[in-house]
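Chain naming follows the written order as A, B, C and D, and within any one chain the residues start at number 1.
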Amino acid sequence: MTTVMQQPDPAPAAEPDVPGRPYRLASGERRERSTFEIGGRLVGGDHFAMIAGPCTVESREQLLSSADAMLAAGATMFRGGAYKPRTSPYAFHGLGEDGLRLLAEAKERTGLPIVTELMDVRDVEAVAEVADVIQIGARNMQNYTLLTEIGRSGVPALLKRGLSATLDELLNASEYILKEGNEKVLLCERGIRTFETAYRFTLDLTAIPVLKELTHLPVIVDPSHAAGRRALVEPLSLAAAAVGADGIIVEVHPDPDNAVCDGPQQLRNDDFPDYLRKVEQAARIAGKLVGGVAA
Amino acid sequence: MTTVMQQPDPAPAAEPDVPGRPYRLASGERRERSTFEIGGRLVGGDHFAMIAGPCTVESREQLLSSADAMLAAGATMFRGGAYKPRTSPYAFHGLGEDGLRLLAEAKERTGLPIVTELMDVRDVEAVAEVADVIQIGARNMQNYTLLTEIGRSGVPALLKRGLSATLDELLNASEYILKEGNEKVLLCERGIRTFETAYRFTLDLTAIPVLKELTHLPVIVDPSHAAGRRALVEPLSLAAAAVGADGIIVEVHPDPDNAVCDGPQQLRNDDFPDYLRKVEQAARIAGKLVGGVAA
Amino acid sequence: MTTVMQQPDPAPAAEPDVPGRPYRLASGERRERSTFEIGGRLVGGDHFAMIAGPCTVESREQLLSSADAMLAAGATMFRGGAYKPRTSPYAFHGLGEDGLRLLAEAKERTGLPIVTELMDVRDVEAVAEVADVIQIGARNMQNYTLLTEIGRSGVPALLKRGLSATLDELLNASEYILKEGNEKVLLCERGIRTFETAYRFTLDLTAIPVLKELTHLPVIVDPSHAAGRRALVEPLSLAAAAVGADGIIVEVHPDPDNAVCDGPQQLRNDDFPDYLRKVEQAARIAGKLVGGVAA
Amino acid sequence: MTTVMQQPDPAPAAEPDVPGRPYRLASGERRERSTFEIGGRLVGGDHFAMIAGPCTVESREQLLSSADAMLAAGATMFRGGAYKPRTSPYAFHGLGEDGLRLLAEAKERTGLPIVTELMDVRDVEAVAEVADVIQIGARNMQNYTLLTEIGRSGVPALLKRGLSATLDELLNASEYILKEGNEKVLLCERGIRTFETAYRFTLDLTAIPVLKELTHLPVIVDPSHAAGRRALVEPLSLAAAAVGADGIIVEVHPDPDNAVCDGPQQLRNDDFPDYLRKVEQAARIAGKLVGGVAA
């Protein structure tokens, strides 16, 4: 064994992987709170983002009617999934590139910035062509390859907290994007896993004011996936706005009973204007206004 | 072994202890939402209860100045602990009967109903003499002896959810009180235990709208113990009011830096009026008004 | 407010209730590992305790036949509940004093030390007359009144870890008993609450070697309540013995299919001798032998 | 909105994404328990796999001396990471392709099958050239792109359970690999996230017998990452073997105090032979023998 080693020290700059290690660029100590522009809309500060639309791109009619309804009601961005992560390999996984084309059409038609998920690094260019914001799902929060490539794409990112990720881990994950020079990262609380079985996830609203102490990045809330049931979406959205979130990403569908997935948790297009009005009231208590157009 | 048995069937009416078993009296299917009177104040329905005061009764001056301040600001009830459950046997456990006497004086002076905790069944008479509401702490949520005796006392009860209790278990615990004929039970969410270490507990606000589906009992929120830090108490209180809680129980102290216990989480008396005004705004979004005096 | 205060400082010796605060008497730093005698049997050190018997005292025949079977197979203590904590107030709560009388008869007949639960401080004398070990259930782990009175009774205690109690909290709870001068405390891991729904609780065997670093007290495992199903009891018992537990408390019943409660998790008397033989093999790997009679 | 839709039904075969949905190929109902061959070694059935080696490939000397020591002691496979997932982007991420070359050398020298992690789908060919088993880390358990590509590679897979993944989710994740025709999947329990802070993760050994009811796939345990501390590795390994695991994957290093990462949890090469002997004894209680060479 004495003769084997010629290779130089493999990791002279190696640093220990301490969980609580400073996320240099995400840290709130370094700089003032971020406000930035996405597709002509301002995010962060006193601008409350209302990102709304269907879970999944299902068809041209479904998508465009949704986009029209969201625009009319006053949403600030439009969401819709072309690539869907699913627990089972036998479930519907999205329309893929066809879905992206429909999202591009919705954007051209309404002018609303598009938020859509990326799952496979090999799709990054195709998604970046359409998306104003690339979403990273909770199950991919620590898919470091994906984070790095989204960082390099330069497209603003919406990073969802993993089902049992600590805030430290969420901020370290955001650092993977930031360190590639991509400064537009939105963090998103979407419910954590607990012992309670009466609801799908437990929305952790304490995370919002605490993240605002730890980072300058905007923090939004996804009440739809947390709740898993339409009846809970409005009260949780009001709470999210009142606690100081910088926005909400919510699922709204023209006909949830016939949705391809997640029907029970999607609001109806028809109920969205009333919902938005109430959320605006709650956001105002926390000092924020829905919307904000870049000068 | 053939001769031993003469004893009659020991449990002819025994029923299996299924966790999800119907809590007959607490169930929301049976009846309309409860609104009831406590010490001249209405609780439940569209009445938002603001129960405020110091963690612990420390001295006559501390207690009476707190009670005066809470009355002046518009709190609906006054809280203060004479018996304190503590993790360590060497910590301060409250003034006991001296504390009860001071609470009685505060009540006489301000007219505010008193909320105080009972830990030992042998103290039930002494506490019942002073308390308008007897509090059962999270660690005693399944202390069935205590629940039964409080049920028998006829004094309204404030039952805190255990640190990892399911809603089913909370409702079954309330059933122990209700089945003794005591119909005035307030449920209280105070944070659950999760993996997150950046805060003491994770306030579970999803529990509020879900409990309102499951039971007719009023449901309030304790933001102070959930958060463990003053800076989080206001945002969590706004969220609790916006999500539809029937009230808040919050710790307020004339001089938190010198409090005997839980100083860091207690609001200052001086900040309480502003805090209350904001919480009222959030409660209004959910259709509730602070206070309500019985006709 | 200037004239009110004459009362002296109420809590001059008050100490803050820091969660991680040293449990002086339970701490492993203070002294060597405890080995003590209970009803003629040695517990701790290299003695592995096998505490077995039915969940509940149901009848004279059921109890005495169980006790005979446990003695014949080589159990070191006999367990059976006369007072049963139940989630629902409508479930069977045990035979009470009749149950205690039957336990006394089982003890006289077999010589096996009796382990039985106490729930109400007002029953402490009645239980102490029969019990060689008083069990404190998981839901009462922080019922400080109960802990203190069991400490004062001088009867050895078996303290179960709460469903989401940290090791620090468990040790602080044991300190309530120890500080009354009662040195014979057995700690018991019985499963914690997690997000997993495929089994009732998640047995936390990492707690065993960690508790042995933190305290000198013996630590045993309850596989029956953790698992909730008979098929899991043997593998979990083998794991508990192999990881270094000082014993097991297991439910065994002559006819589990007709048991008044917890039937599905109770082993059959007939299967117990084989089970015990396997557990002995696993305990031997960890350097322990089942049993041990005081000289 | 009336003219938009011509596109045919986008998802005629779409199935709902029900969490508990049958994992057809992983299910234990379909077939008898899997025993298969990996690099000349048998895995599953009564063969207990001992996969050992350093956390990370650091240098030629470190790796080859480790491989020699593992072979001499009787390990059945050799582990070592060339690509390391790290919470922070600033930590050491492995030697990459240089690491793979050293692993190939270790394999040629010792004949031990190589277990190493893949993180980026774009590296699948390079890793597949060296690896006898491709490891999928806990953070990538639901990285469906990665699972699918490993399925297609045909290389046996070691799939680690996510930090808060249910058994249903773990089995559905394995289904992504199996459905590509790759039948050699090892599942791995490596500790789950709970509220306890006295240790890094909580090893969930109940998962082992329950997984054996649900699936025909072999199930192994990673005590090193669960514990995070060397002193806990041996007791947890004994428990894992006694509970019926099909093997262990454990970190062993020639000089843990100077390891590039995870030093505190790695066993010393010198202590490994004794450790392996004890684990063999515990495995024997559960009816398994370490090793097994394909005929």
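Heads up, the rule we're going with is that contacts are C-beta pairs under 8 Å (C-beta built on N, C-alpha and C of every residue); 3 or more make two chains touch, one makes a residue touch a chain.
None of these values were measured; they are calculated from a predicted model.
Q: By mean C-alpha coordinates, which chain is most distant from subunit C?
A: For subunit C, the chain whose C-alpha mean is farthest off is A.
Q: By the contact definition above, name the pair with the higher C-beta contact count: C-D or B-D.
A: Of C-D and B-D, it is C-D that has more C-beta pairs in contact.
Q: Could you give the separation in Å between the centres of subunit A and subunit D, each centre being the mean of its C-alpha atoms?
A: Inter-chain centre distance comes to 31 Å.
Q: Which integer distance in Å separates the CA centroid of subunit C from that of subunit D?
A: 36
Q: Just the number, please: Cα centre separation of subunit B and subunit D in whole Å.
A: 47
Q: Multi-chain contacts only, two chains or more: what residues does subunit B have there?
A: 164, 168, 193-195, 197 - these are the residues of subunit B that touch more than one other chain.
Q: Which of the residues in subunit B end up touching subunit A in this complex?
A: 164, 166-168, 192, 194-199, 202-210, 213-214, 226-227, 231-232, 235-236, 238-244, 278, 281-282, 285-286
Q: Under the touch definition given earlier, write down the residues of subunit A that touch subunit C in their complex.
A: 164, 193-195, 197
Q: For a test of understanding, state which residues of subunit C touch subunit B in their complex under the given definition.
A: Checking each residue of subunit C against subunit B gives 1, 4-7, 9-11, 14-19, 21, 23-24, 57-61, 64-65, 68, 85-92, 95, 98, 119-122, 139-140, 142-145, 148, 163-164, 168-169, 172, 175-176, 179, 193, 260-261.
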